[in-house]
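Chain lettering (A, B, C and D) follows the sequence in which the chains are written, and residue indices restart at 1 in each chain.
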Amino acid sequence: MPFEYKTRVRLHQTDAAGILFYSKIFELAFDAYTEFLHAHGVGVGYIINTTEYRMPFVHAEADYLAPLTVDDLVTVVIRVEKIGETSFVLKYDLSTASQLVGRVKTVHVTVNKETGQKIPLPDAIRRGLQSALH
Amino acid sequence: MPFEYKTRVRLHQTDAAGILFYSKIFELAFDAYTEFLHAHGVGVGYIINTTEYRMPFVHAEADYLAPLTVDDLVTVVIRVEKIGETSFVLKYDLSTASQLVGRVKTVHVTVNKETGQKIPLPDAIRRGLQSALH
Amino acid sequence: MPFEYKTRVRLHQTDAAGILFYSKIFELAFDAYTEFLHAHGVGVGYIINTTEYRMPFVHAEADYLAPLTVDDLVTVVIRVEKIGETSFVLKYDLSTASQLVGRVKTVHVTVNKETGQKIPLPDAIRRGLQSALH
Amino acid sequence: MPFEYKTRVRLHQTDAAGILFYSKIFELAFDAYTEFLHAHGVGVGYIINTTEYRMPFVHAEADYLAPLTVDDLVTVVIRVEKIGETSFVLKYDLSTASQLVGRVKTVHVTVNKETGQKIPLPDAIRRGLQSALH
């Protein structure tokens, strides 16, 4: 079962053109990612405050299929696309009740927080991602 | 000469990991895009308030090459990558004084604001983009 | 029973100082306000898309009692402080499990969306606010 | 001469009601505050990355006098209202070419970054604020 996150489009995520501002799709995806990590036992705050690694984004992209507007109920479904030695790839489908409205893809690497050098995926992250594959 | 926009990374664009939050690179690109449009005689507000067309994003992507942090001075250089019948593509290079830190690409279509149907690029937009090619 | 809204502080609401960026407390309050309106049968999108009135903020203020950081679970409790002829006042207490961390107050007026002139509170709004008083 | 900061309202600072989202007035004020600090020789990044103190907001408030919309050119004028032992108060007037559109007030305390305990205003901050008084 892929991980699902449900949310409502907030007024502050829309703009004067009446729709979701384009960068905000990455906030919706990130909020889903945050809850996905928590569901697999790893909090963003935990990583930042207590570990020696970071998982920065090295690539992000979005396709916008239909406009979203204020109060739209959105379901974000996350799938683990790839688990590498020092990186992983996530895909997110965003839908309303009636249609697929957008797709997001993010690529992350794991690095030492001090040196910024790539390191193998920490066990907690690898386990979480692998359990999300099934 | 490509269009340049200079800005400073704001504290509210960073996060508790100490760097620019990933979605904010699209805000930096958008602020450059806004000034680029103004430099070519077309304001975002003008389009929204007085015209029958919109130029929604249908795709956006970013590559993150080096972290940005608060107070970093960033130069965004915009290049027109492609001018189609009903679409255009922009590329943005983001640099500090010492290095290239990110690349952004956005794809826009022109649509009728009521129907959402694709329409040919309005003359003002086509002229602005073409003058930016040279 | 006052209205309660629970949320988690997102990484993009924090900054490089490691805490909630000061303006984001107003986003947390607004998200609670949005759900409060929905609970009383009035959506923000409904107001914007179908009615002739708006409820702009004329004043907002916050007291910061303790720092919030990423992943903190926050409960926002909303109370209707005053219902006037053409205005209303809301108060929001923000707490974690262990302490009160902030207070927000917002003052709204009801105006005609075209003229911007003050108008009496629409019935749906007055009823919603009054039911929240008890 | 009070400190002035000029900016343009960005599309991502507006919402589907067509105006500046209420919390964004605090971003405009903060951007002015950032440049004000730089003008007095103290960067936000410098404070966060190299000093033992922080200057958290303990109170913030805004009065909204007229709506702002996308592309509006805004001038923010900052005045130092009060310099205390362990705190200071700033006031910000936001104007377009034609009118005063909003007022913001922020209250800051200086604290030790580890303990969170109040400390006297660091010399660099006191000097900067005092020079802004004249």
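Descriptive notes on the structure:
FYI, a residue touches a chain if its C-beta (ideal position, glycine included) is under 8 Å from a C-beta of that chain, and two chains touch if they have at least 3 such contacts.
Computed from a prediction, not measured in an experiment: that's the story for all the values here.
Annotation of chain C and chain D: jointly contacted by A, B, touch as defined at the top.
Contact count check for A-B and B-D (C-beta pairs in contact): higher for A-B.
Centre-to-centre spacing of chain B and chain D amounts to 27 Å, using the average Cα coordinate of each chain. Mean C-alpha position of chain A lies 32 Å from that of chain D.
In this assembly, the C-alpha centroid of chain A lies 23 Å from the C-alpha centroid of chain B.
Counting only residues that touch two or more partner chains, chain A has 11-12, 16-17, 19, 23-24, 27, 30, 45, 48, 69-70. Of all the residues in chain B, the ones that touch chain C in their complex are 11-12, 14-19, 21, 23-24, 69-70.
For chain D in complex with chain C, the touching residues are 16-17, 19, 22-24, 26-27, 30, 45, 48, 54, 56-64, 67, 106, 116.
Chain B makes touch with chain D in their complex at residues 8, 10-12, 27, 30-31, 34, 38, 43-46, 48-49, 69-72.
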